[in-house]
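Each structure below appears as structure tokens.
Note that chain A is present in both complexes that follow, paired respectively with chain B and with chain C.
Then we have the complex of A and B:
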């Protein structure tokens, strides 16, 4: 029994060990290659923070056993509309409000489509991905110089600091931890995924859970959009283009089960986001060809998830 | 006898209503803009190419998706298999037929690796396919040093696009798919596993070889898709960070249309007709020079509206019946 518990703890903590090992590897390699470690860490943080914030909110959707592939495109659209609003009003508060508002609206639209019309969430988000990607092109065409929408760099310079980004990440993370772990919502969401029939008979509304999950995720997407503008105020069609898939990778890498349910962990997103960026940075330090770097990253991704889920394998193939 | 004939007629109408309705609609839209839908040979080639490519992608996607295995890696298999075949054929001076065969073999081997990893690590297929997609994209990039492959000047390899060739690919793909899944033990096992995994495994059906077989077939089909795409332009461009998964999204609309048509005939014929429907739409976009962003929005809206109908079909029918009933009452 004790041995089983130890094994369980080890597998649960594997993603965290992975992060620590990667961090140690980065420090050792950095020292060996004589790179500016503090600059490197700052760069890693800047690259990870958007994915970490968006992925933390997305945990609510994953906990329900659902899946949203349109998050990256939603970040891009929210950032573009936020940028347009800043250029019209000159107000950073208005920009933040619009970024979050647009992202929450997109999330709510997804959840309403899925719950009111009984559509599979994943398919809804695929359609939304196409619409949002097209919207990015339309917005840039009609509101920018034809290839970009630029917020003056001076306007966001004061916010482009590690401290500000840490504050945003920590506040949002604490909010999510509170809702997920210390209110009924988190428990109801896990229950909803584990046993939808029992959840329904217990009075839990599936639609309400979906709306809450997408709204929480929308807040993360909006904050991610705001941080994207702060970091790179010139917005193009490539803004946040890799965020969507990186969010999925980060969540899984951090030890979150794709099937959601009782094993869901809110902190998985942050661990995963930083692990992935550290891994990419280590590949860069080895001066590897981008393709080979991606191959190594893929192999490590599968290995870590394999180790982290070693106690969850059954007789049949998982689906 | 008369009722049987009527039933067959009704069934044919239900099978043809979506592709025929779409053809009529795109024909009217083109006519309203003073454009002929099929004016040149190039238009026919585009139509047949789109049908072939989308049909095979739909087969490859649905093959695993219907069994609950979501596969993000099919686009990367198309990319890498075409890189392998094009590299070999350009260096050895081989013809397009050889490139097609090498693409199929390379796709099948890549599918075998993907399926092999899935059954060995026993992780959810969505996770494995993410890792595999990253790996294959990286490999294609590394093999070509990021430059991709270009054989625009190779007239032998770029001579493949023609109506006849694409028609042969469509027929070959369709017959192969129907034969394997409707007339072999592998296909019967596949269907049994699809409808009840636990019962089938307990009955002695070997799930692992069947799953790996599905990945191999999906890989081979995507090899053909990669070949079609490469020989059309004479270039293969690289994609990193999941740039290859876009191919997969082209198959969702025809897959759902095919699923609907499949209620009245063989599901594979349904997928073909779904691909034909989307090919009509693609041709219309090309003939009317529709902006790519508008294309994306329209296609997504069609997908959503169609899914809303499919998932609420009973409610829609009830509503229509209720309206009819109320009309009768008021009369």
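Then we have the complex of A and C:
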């Protein structure tokens, strides 16, 4: 194998190596410190799955070189409306349908706004973030139950299992991998980001790509909202408030170039989401105060991202 | 090849960095075969006075939804600088939690790390926390505040629910009531109210505001009412319905200004300043921290500010500077008794009511109405050598029965605690 190819594989696989190293560290250190490893693994999955699902969908937006900061708020609004629908209908299917439907609508609205006004997607998502945050407060207020919208815990208990969450994550991930890697949509999206003019001259519609990206992301947001309810059925104004930032970190941590384009990786989000949670769990094992813990996490984050993107700093596109 | 080496080095460094971080913990935490050593104060392995085996380090997880306020810092300081130094415990703090999902995740993390007890300062979903801990066989205690009656009835018999000690909603109501009455008795008639988290429907703030309004209705003369409401429950209901306090007259008492929320942007600070400078205003009653938000704007005027929070140095400075006139503050050691109840549970000697139920004990605030009074209280409250509840005092609870425990908690005023020492 050529030296260049070895280098390419190593840098490509660095986030995966990072995940494996963190996983090994968790097991070894966990064993040394006699923690409850099996419970911990279940906990890590539970804590990662929402971010993994939402971030996987968001890869479609990032691939276009865009950036959506309203994803967390969109999860919150979808979950709140889904919760309200469950409380009216008693149907989990209706709740799932509404969560996904609302999230897709929000995503499509974002893309249409960007298309109609010809604005950068980032700008429209800033506006949407404010709108959605306000909507969260309105929804909680009109629900008339004080500070929360709560789905009965008993109603979602049967779904709050690792098996169910694995099924949701795997099905959605496979769908995204299929669309991203085995259809022309994925290729067009990468092309669109790499060279918009060439893409346009080749007949690729920028607007269509944006709509598809936001629709796919919306499905992830909706599923994330549904899983959020299943995990913690009491929804407040702060529900999913950390999801938006965690999605961004997970995507970058997983080796996805922020600039999108040809080097985009659909699996980056899953790797990043689980790496982040593993890192947090390891920090807790040492009971570092949150300031030091955050600094250590930040240092490791920068190290992994530096290594993972070391082949992306050239000016040439991959070939 | 250089890149490969860099990667390898990075991996080794990451693991060694993480491994090397562990030495800060005392007592060989968590290790099943680690030998725990007596702490600085020399807790004995088998305490002959208590009959409790305190040789093993007990891990406790602390859930926090606020890591930066004066109150939160004071509580944390008491636990980490005093309790952890005097008892054979390791306290693991969560990050600042923002929602129910965060609470669930944090509890999972604590259980993974073999915490035997979880003490919660976070209340996004109490019911879920209690249930999660019961299912996992981990003890759970509410650090401050109490459950609603309905919640208590549901969970009081849970084996792993230790209970709650803190200001009940009735105490919160009384706190607001007494604050307003303090000024009404002085003949003040023109008030403004800072509603804190009322727009977010935070119950304790609503109850405090309701207490203030109830006092005004009582002092407002014949026919005085707040939007038609004249009694405690209807006033509480009205605030819940509105999500705010409405300005206007309550008989001959005037509420000339209201600001709620914690938007903390320029517009919000502008509203605060405007309210503090309302012509004719005499007193600002805050359901939370008032001096930080209104003190500067009110400086140089005759407007008096009253707050509910904790004993922190900033409030002493505010009182000295005339920016704070009245403080109903939690004292940091108030979380000592719930620690002892938690510790006892972990050591196999849980304390229950005579009916075998979990604790539900109420505790109030220390009230300071002058800088001198504040300084007296603060000197004790901030001490890491001799806080309000010292080890000697808390140790009396290790073997106390429920009646003695309840009596101890009920004597929470500064003077009563000093008398106990």
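The working rule: the second predicted complex is superposed on the first by the 311 of 319 C-alpha atoms of A that agree within 3 Å, B and C clash if a C-alpha of one lies under 4 Å from a C-alpha of the other, contacts with A are read in each partner's own complex, and residues count from 1 in each chain.
Note that in this section a residue touches a chain if its C-beta (ideal position, glycine included) is under 8 Å from a C-beta of that chain, and two chains touch if they have at least 3 such contacts.
Nothing here was measured: the structure is a model prediction, and the numbers come from that model.
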item	value
Touched partner set for A:201, first chain B, second chain C, both or neither	neither
First (chain B), second (chain C), both or neither touched by A:93	neither
Partner chain(s) touched by A:242 [first = chain B, second = chain C, both, neither]	both
Partner chain(s) touched by A:25 [first = chain B, second = chain C, both, neither]	second
Residue contacts on chain A - larger count, chain B or chain C	C
First (chain B), second (chain C), both or neither touched by A:138	first
Which superposed partner A:259 touches (first chain B, second chain C, both, neither)	first
Touched partner set for A:154, first chain B, second chain C, both or neither	neither
On chain A, the residue positions that both chain B and chain C contact, one per complex	137, 141, 241-242, 289-290, 292, 299
Complex interface listing, chain C residues touching chain A	1, 3-4, 6-7, 10-11, 13-15, 17-19, 21-22, 24-25, 29-34, 67, 90, 92-93, 95-96, 98-105, 108-109, 111-114, 124-125, 127-128, 131, 199-203, 240, 243
Footprint of chain A on chain B - complex, ascending	67-69, 117-119, 121-128, 130-135, 137-143, 145-146, 197-198, 201, 207-208, 211, 238, 240-242, 245, 249, 252, 292-297, 299-301, 303-304, 307-308, 311-312
Touching residues (chain side chain A, partner chain C) in the complex	3, 6-7, 10-11, 14, 17-18, 21-22, 24-25, 28-29, 32-37, 39-40, 42-43, 46-47, 50, 137, 140-141, 146-148, 150, 153, 228, 231-242, 280-282, 284-290, 292, 296, 299-300, 303-304, 307, 310
Chain A - residues contacting chain B, complex	67, 113, 117-120, 123-124, 126-131, 133-135, 137-138, 141, 241-242, 245-246, 248-249, 252, 258-259, 289-295, 297-299, 301-302, 305-306, 309, 313-319
